[in-house]
Amino acid sequence: MRFFSDNAAPACPAVIEAIAKANRLDTAYDGDAWSLRLDDTFSDIFETRVTALWVSTGTAANCLALAALCPPHGAIVCHRDAHIENDECGAPAFYTHGAKLTLVDGPGAKLTPDAVAAACDRVRDDVHQVQPRALSITNATEYGLVYRAPEVAALGELARSRKLGFHMDGARFANALVTTGESPADATWRAGVDALSFGFVKNGGMNAEALIFFRPELAAETLYRRKRAGHLLSKGRYLAAQILAMLDGDLWLANARAANRAATNLAKAAGDRLVHPVEANELFVRVTADEAASLRGQGFDFYDWAPGEIRLVTSWDQDMGAVTKLTAAISAL
Amino acid sequence: MRFFSDNAAPACPAVIEAIAKANRLDTAYDGDAWSLRLDDTFSDIFETRVTALWVSTGTAANCLALAALCPPHGAIVCHRDAHIENDECGAPAFYTHGAKLTLVDGPGAKLTPDAVAAACDRVRDDVHQVQPRALSITNATEYGLVYRAPEVAALGELARSRKLGFHMDGARFANALVTTGESPADATWRAGVDALSFGFVKNGGMNAEALIFFRPELAAETLYRRKRAGHLLSKGRYLAAQILAMLDGDLWLANARAANRAATNLAKAAGDRLVHPVEANELFVRVTADEAASLRGQGFDFYDWAPGEIRLVTSWDQDMGAVTKLTAAISAL
Amino acid sequence: MRFFSDNAAPACPAVIEAIAKANRLDTAYDGDAWSLRLDDTFSDIFETRVTALWVSTGTAANCLALAALCPPHGAIVCHRDAHIENDECGAPAFYTHGAKLTLVDGPGAKLTPDAVAAACDRVRDDVHQVQPRALSITNATEYGLVYRAPEVAALGELARSRKLGFHMDGARFANALVTTGESPADATWRAGVDALSFGFVKNGGMNAEALIFFRPELAAETLYRRKRAGHLLSKGRYLAAQILAMLDGDLWLANARAANRAATNLAKAAGDRLVHPVEANELFVRVTADEAASLRGQGFDFYDWAPGEIRLVTSWDQDMGAVTKLTAAISAL
Amino acid sequence: MRFFSDNAAPACPAVIEAIAKANRLDTAYDGDAWSLRLDDTFSDIFETRVTALWVSTGTAANCLALAALCPPHGAIVCHRDAHIENDECGAPAFYTHGAKLTLVDGPGAKLTPDAVAAACDRVRDDVHQVQPRALSITNATEYGLVYRAPEVAALGELARSRKLGFHMDGARFANALVTTGESPADATWRAGVDALSFGFVKNGGMNAEALIFFRPELAAETLYRRKRAGHLLSKGRYLAAQILAMLDGDLWLANARAANRAATNLAKAAGDRLVHPVEANELFVRVTADEAASLRGQGFDFYDWAPGEIRLVTSWDQDMGAVTKLTAAISAL
């Protein structure tokens, strides 16, 4: 019974079907019929004109966005536990040609305007120090917390006043939105976000993510950067088709709802053991080594996050029987 | 009737089936059952121990190889018409952190040891000039010519004597092999090749290419570079499954044979109009503008390569009826 | 008797004196009294508001300029024999993070608008090819030829129409100006130049060059790039003092006049042996190996440029007695 | 009365004289008589065969060393207050092509083996995280503390066991050595250091620093990197001559002794106000805003380090009269 990672889940059937349907002759790269529909489709979703680029990984989406927002000699302010800091092997430095990540603390991997402002204020305004040029947040965060639109907007306001480009890593953007019920527009560009990594893979996609630019001039240069990074697939239609299939009929929201629901059920059982509030599809649970062993002995698979703490992740296809069993097992600890 | 590009062709059915079969829970990244089989499978094919990494594009494969073989302050000797020079938007410079491409001429985009040696000799051996550190050839070449193993070996010998890493861009490696009938081993590492971009996408794959290292120590650092470039897909099993499906039963060779056969048929009709010998699945044909228009009027789609010259590319799924019609149309010009 | 390189010459006495005078307490980096005078002094010389940065080498000046004008995924059009291509160990790629040098031919290392336009036209306007973004010329050229202001202006017009940043490598800018008698302004920004590497070292300086930006917004980001490249010296006053000393009383022009005069004298003797017209302080002379040996036997030191061709360079301090002797020796060949 | 920065001090007379003496014709770049003596001279000092390269700044020395020791996808462990982190505008990332600085805390900007080991242990050994590949310490530290040879050796042992390259930023290496009385060899390579930035500028030099490699194979590639960074001056003899002048008769040690002595005198007056022990030429002193204003009113110039804390730096040429006055003024607070 798997609670290890949403990356371990399969792709959802609609994605596989879309790939099969897209398996015919078409123009190479991103000139095919599916790719050409992305801008319009995402513009509808975001209620404004956007430019949307497919890529194969969240790391590529994040780092192409950061390269568009921060010069090589600038700094990107982010949380100390951000994926771009901890889980991308320095990809931001590769794509930006050496920009620095300025790390900020905060509970649940969330940033606050005060903490970001303080980090910026610590930098002397001279050429000896790397100047902040961008801000990156993750929504839902690495600990499964969700920024509400007003929280994003407060950070967006700070970014604007400090002349920081504003990126949102939305590897679990769907999981965040189904929690808040906010519109994609309110959660992003209306709150000042310049570029969004719109995740699909953790939510039932196979290998397609979307990079959304709310300022189209940023996208123009990024087309070259994507090619230059080897991320312009020659048969791009299979990526575009996946994305369109997941947007169709709001499958992306349905998938996220399913994952979140499973997490919510588990959260009730975990109660005081929870390290963070559960607002998306991740749970961080305090268990002793013996308890962890006991759970494993009952067939549950999960990640040892830290001494005395495990991580449970639910997926779009989470087996609710397994959830029920795990709920019982946790309650019985 | 399509003769435009092998990138426009669909993926072959075995690839789509393999993806569907791989659509189940497994370890993320490259820890899944399919990915773990790659090293052994390719080691069998190459009759030596190799390390094989999947990536999504030929550009990524080429440039990860070059980054492993050439320092930022070195030069990569290649043909002036090489894909890495003309069609990758500077990706080699991005991945190598600024290495230079030293361009060499030669008919049919083929390099000879003499031409490579001359290019190296033109570089003064001092710190003011970028020193050659790697050699890259494409097999089959960008003009559809094929290096025979002894030709590769002569270049390999030169590379060894000049201390150049040796890379082969095998976007159409299968098309080359079915022409020569040589073994994969003879065509590569026995001839001195250090790293091979083993292409699948142009040959019926969807979005998986293999990067083969014949010197495993090069692969170790490349694992970090792949991640850092955003090319470590979180659900890598779909790439590995494609590759295994194409290797199974030598489908990769069968596909290439089909494409080459179509090209050979067309070549007979083109006769003296051919700019280069036809040894793989590409034809470069001299036609006037009127003739090109006439062919297009009959429903044939192709690329205008240069004034008075068109390019025809055949694919693994080339419709032989269309080939017959085009043969007749060319003969009738 | 030295005709090997203007880099071998000593610094002129005024430079050494200026360094000694500057040897007192002052603010570190570029906050000292000398550095603060550079913008105004160069603005007077160029009859417009400029920003001037000192650096220690021409390579640093060139590459900081190119990094300000060309993105990592762009190309810089330059002559095949340009210093940035041949003599800087790939520094342009290091500073620009991988921009490409697109090489153009032309007699005497001079570029023409037609040749530059043709090079640009060869690039397909798509993301697969590196797009031209900057143009760099050297004045005087690597073969000692001089661009007249109207020639620069024709290139500047082309650059503007093609949206190319325009850089001039003026390692021998003084030598060019004393030949044409043009004003610094006419030779640069009035002809469309955006950034100039204003050379002092080959002209009697010790280790200070100036990078002049005619578009101050380019300079702002370059201040960070200079620091980041380790080129913001902590005691910058010694560089600024050198530059001011050479500008004072037009010493820079007097030095260049002396060097050019020596070259002109030699040119008369060389006559038909000259490979290029002599317009600055370099001569390329056809001599047989025996003749070269004979000249060396008489005590003349010079560079073997190519088989059958030697290079003679004269300096600000050229001993006119040696010039007379070499004139006679060449005539006697 | 200046206690602001040792960068504000002039160059010592021997340096100016050496420059004047070197002002004659010689081979360009680093082929001159002075540059050619560096390897031997430093090899004598270090009692082993070393390779020594001049550069113009400590930033260049540090970053060339780091680029030789750490790949683009690696991390350099250093103190949170290290110069490479705080005062070089991201130059390490520029030179290493994006390596990460992993920050470690510790009193007085000193690192301990335990703290370094803990930082390494926090990194998961997989491709998702940037792996530690180098260690960099500063001696004397940014807070004026000195590592003793056994402390360096303990870090060197850790570096060896963890396969980390080991760099020492010796901007104030002389100040450290005169405090410990240790030999240069004991303080560096015998303690496991691979590369040393040997500072001269803060100690009476004008614009020459030395980069010392204790593993000559590292130097070979660095020669290209230096040129590529624009740090191979065309008249390098003026840098080499400065360095030789300061090494001659142990002037470098005499200068450092003078600076340290002034600091020691001040330290006695500062007593309990000292934030850190005074072991080199820097003092960090707790004073109220009113007290700072009072000192400034008496003509003393210094840096406001933090609220309630000022930094005093003494130089090779520190006026002992001013020191006496400041001693009295501090005692009178």
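The first chain written gets the first letter, and so on, giving A, B, C and D; residue counts start at 1 in each chain.
Note that a contact is a pair of C-beta atoms (placed from the backbone, for glycine too) under 8 Å apart; a residue touches a chain by one contact, two chains touch by 3 or more.
The structure displayed is predicted, hence computed values, not measured ones.
Participant: If every chain is reduced to the average of its C-alpha atoms, which one ends up farthest from subunit A?
Facilitator: Centre of mass proxy via C-alpha means gives C as farthest from subunit A.
Participant: Where does the C-D interface recur among B-D, A-C or A-B, taking recurrence as more than half of the contact pairs being identical by residue number?
Facilitator: A-B
Participant: Measuring from the mean C-alpha position of subunit B to the mean C-alpha position of subunit D, what distance in angstrom results?
Facilitator: Using C-alpha averages as centres, the distance is 50 Å.
Participant: What whole-Å value do you get for the distance between subunit B and subunit C if each is reduced to the mean of its CA atoms?
Facilitator: Taking the average C-alpha coordinate of subunit B and of subunit C, the gap between them is 42 Å.
Participant: Two-or-more-chain contact residues of subunit B, please, as numbers and ranges.
Facilitator: Residues 72-73, 88-90, 94, 97, 127-128, 224, 227-228, 232 of subunit B each touch two or more of the other chains.
Participant: Would you pull the subunit B residues touching subunit C in the complex into a rising list?
Facilitator: Of all residues in subunit B, those touching subunit C are 72-73, 75, 86-90, 93-94, 97-100, 127-130.
Participant: Would you pull the subunit C residues touching subunit D in the complex into a rising list?
Facilitator: 2, 5, 7-11, 16, 19-20, 23-29, 55-61, 63, 88-91, 94-95, 201-202, 206-207, 224, 227-235, 238-239
Participant: Flag every residue of subunit D that touches subunit B in the complex, lowest number first.
Facilitator: Residues 71-73, 97, 127-128, 131, 221, 223-228, 232.
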